[in-house]
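Chain naming follows the written order as A, B, C and D, and within any one chain the residues start at number 1.
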């Protein structure tokens, strides 16, 4: 969304930071990912976004652009280690026009608190619907999305600095935080959720969308896809009266696993 | 839709008005936008359309074409300041065959009454379904779509000549006008709605679709996307028994905003 | 669907009939239309198809091909005036391998009985669902899809050899015929429906799909799109408890129309 | 899904096995099919996959890749006749990095037990929803998906080594097996289902997805499309309260068939 408050940051002339022939360079990946996400309905109407961290360099999509039309030259770049004053971020490179995304501090939280290499924010209506369905359970029961016994759960890592992925029978838990008028103000709640649920790779924002991260672009993107799949399935299960949590006994197999 | 009544307008040979190498030229933007809208299901079966105003020049898609196949050479161009007789519009440029769109006076209303730079008309079935759901509330309660406390609402400007965008907690209100047999006859009702709700950027047409405008192509298109997202969400909320209006308290944040 | 019974027709070497640089040549249009229809979910799993008539020449997609991969060289061509023996059709051109489509006699019925220039057959699940919903009304009430007061209805012509299009308030009526084990056997029922409802441009086949035709490719394709839009809307209206037929008074307009 | 247990197989330098200019070569078909399946939502988040057998050579997509980005050089190749030790498969060609898919033994079961030329595994949420709907019928009634009197059923072959396809009135039966924590452990249940229902071309995996195979790529792919169409229709029928099995009398036709 737009960010009318932020003053334009001083810009140095570092266009080489976003210029590369390599299609796997972060400056090229962000536009191609955002175009893909637009097609999936995740970043409709300039909502949502994506950021990639390459070592100390962070590449961020600007505020308020049409995500399917974004170009590498639209991107902001900053050095993670140089952000001493959170109220006054310093950019190594900024586009000639445009504004930094209000999502920036949320992306940075994933990078600094979880060592993530990529963070994706979607407005997927499946995510929003899941938070709305949870809300109908009443206060106190609306702050955690839980689902188990669905194969796609195996698309999630066990957690921060843990090896391996969740099992089919495991319960995937995604915390829900309340939405704020200013996206930047979500940061404290996102960080709180990260502290309280250190193993989660995603946080739902009520009536808003979801933040998903991963060690690298591949993991963040495939986790985000798996999660959106589960959100859609959860909404469809609700419509069919099928509960999200079930008690499915482990099948006995020849391997004995 | 087709416009059997309108006689073909006299054409001057102004093909240079729709000939440009610049993909951001209105004559190139309209076809690419319409192709995108076709993919989104907004302009199925020649329904819907799009017009762009560049200063005094107005570019309009013709009537009855397959929107995903439209070419720059299919477009009409007129000078807004020269339209003295609304019953007999004068075109600077017309395609060799084809008919002017019945949507023309509705697009012109957005340009003259709101200073819009772009106006989009869709037959999105989400828009139609929203008007049908409203209709079930009975006469008197069916003339306004209202939704609040959804992040995507922030995609809407505060209103005509106002700065900034709506807040998450604000209620987005889109008036609904009745449909007429002849699309041109909608003009008086559209203008009436613009007068009554000067800050709206869109008007729903019952059992028909929606007109959306903005200061420029970027704003009209992203507003239209945000609105369609909200219409879809509203239909899904209805199916899940979740009301469109809610009372969500403002969250207390560290910033105190 | 496949057509195991039909013996391969004798082939003359008339490849020039399907060879053209013109992308609007029927032999190029059919593959591009079928690829588009595949994306829309209309011709999934080799179901459905499309035929174009250019004067006396009829171009037909073969049986059992993946519709999004079809090439001009896959097509059959026949001369409409030369089909004296309906049990033994003569082709001017046939692909080296492949079988004629079982839809052929149904396409030919649209060409001979209605002078159509193009006929499209889809397995759209919206069409199938509409016939299933009608079925729940019981025998006698399940043989006609009717909807009125939806703008997209204006996408339909008034009927065979009639000028102009339906009005917003008009009731669109699409007859439903029963499905048969062999697609060719549908022909008698399709022709019967054409005789009984001479103004229809489409016939639904219960639990199967829809046949849609038009004077030319443009009309058949846009009519088919409008119809699929209405089928989808009808299913969604049913899910929301909104009836397909309504009594909407004509709005009084300044034009007095 | 990922396969953390499998050690990397020793690789010989057989890159020519996956190098071809022919777009119908299995090494080129698998990536193009997987990209198409990703668009259909069948292989979201690295789930699902595809394998092709060409005589004795088997081409397999690797584990855990983004399916829409897969390249021929990512593929594994093995000789079916050389797999004497099922716990220690020997690959003729392996990519420099990557892991064999856990689906491998399931694909091989289709090749060895049914002589299939192609096997597709999807996580289509329609497939998952069908197994969830069946589950609501209770134990004993949840192990078989059955539907009849839908045209698309004609997209299925009569069965292993049988000629011809199912009829419109025939009941399509797809067995459901229970899901296991490790995908490889599904093999015994898949093979059991193949033995019990020798004519099926697909097996549903509860809360997971579906395996579909065919004599060749064309048949496997179009069967998979037809089945997904039927799964989607079945879910929509359930939402509308329409049963999957019906008693539709055969229509009397002039041909007397």
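One rule holds in what follows: contacts are C-beta pairs under 8 Å (C-beta built on N, C-alpha and C of every residue); 3 or more make two chains touch, one makes a residue touch a chain.
As the structure is a prediction and not an experimental result, all values here were calculated from the model.
Look at the contact of subunit A with subunit B and you find different residues on each copy: under half of the numbers used there are shared. Distance between subunit A and subunit B, defined via averaged C-alpha coordinates, is recorded as 31 Å.
Separating the centre of subunit B from that of subunit D, both taken as means of CA atoms, is a distance of 44 Å.
Residues of subunit A found to touch two or more other chains are 239.
In terms of inter-chain touching, the protein chains here make up one closed cycle, each touching precisely two others. Of all the residues in subunit B, the ones that touch subunit A in their complex are 149-152, 154-155, 163-165, 167-169, 218, 221-226, 228-229, 232-233, 236-237, 239-242, 248, 250-251, 253-255, 257.
Listing the residues of subunit C that touch subunit D in their complex gives 1-2, 4, 41, 44-47, 64, 66, 123, 125, 128-129, 132-133, 135-136, 178-182, 184-185, 188-189, 205, 207-209, 235, 238-239.
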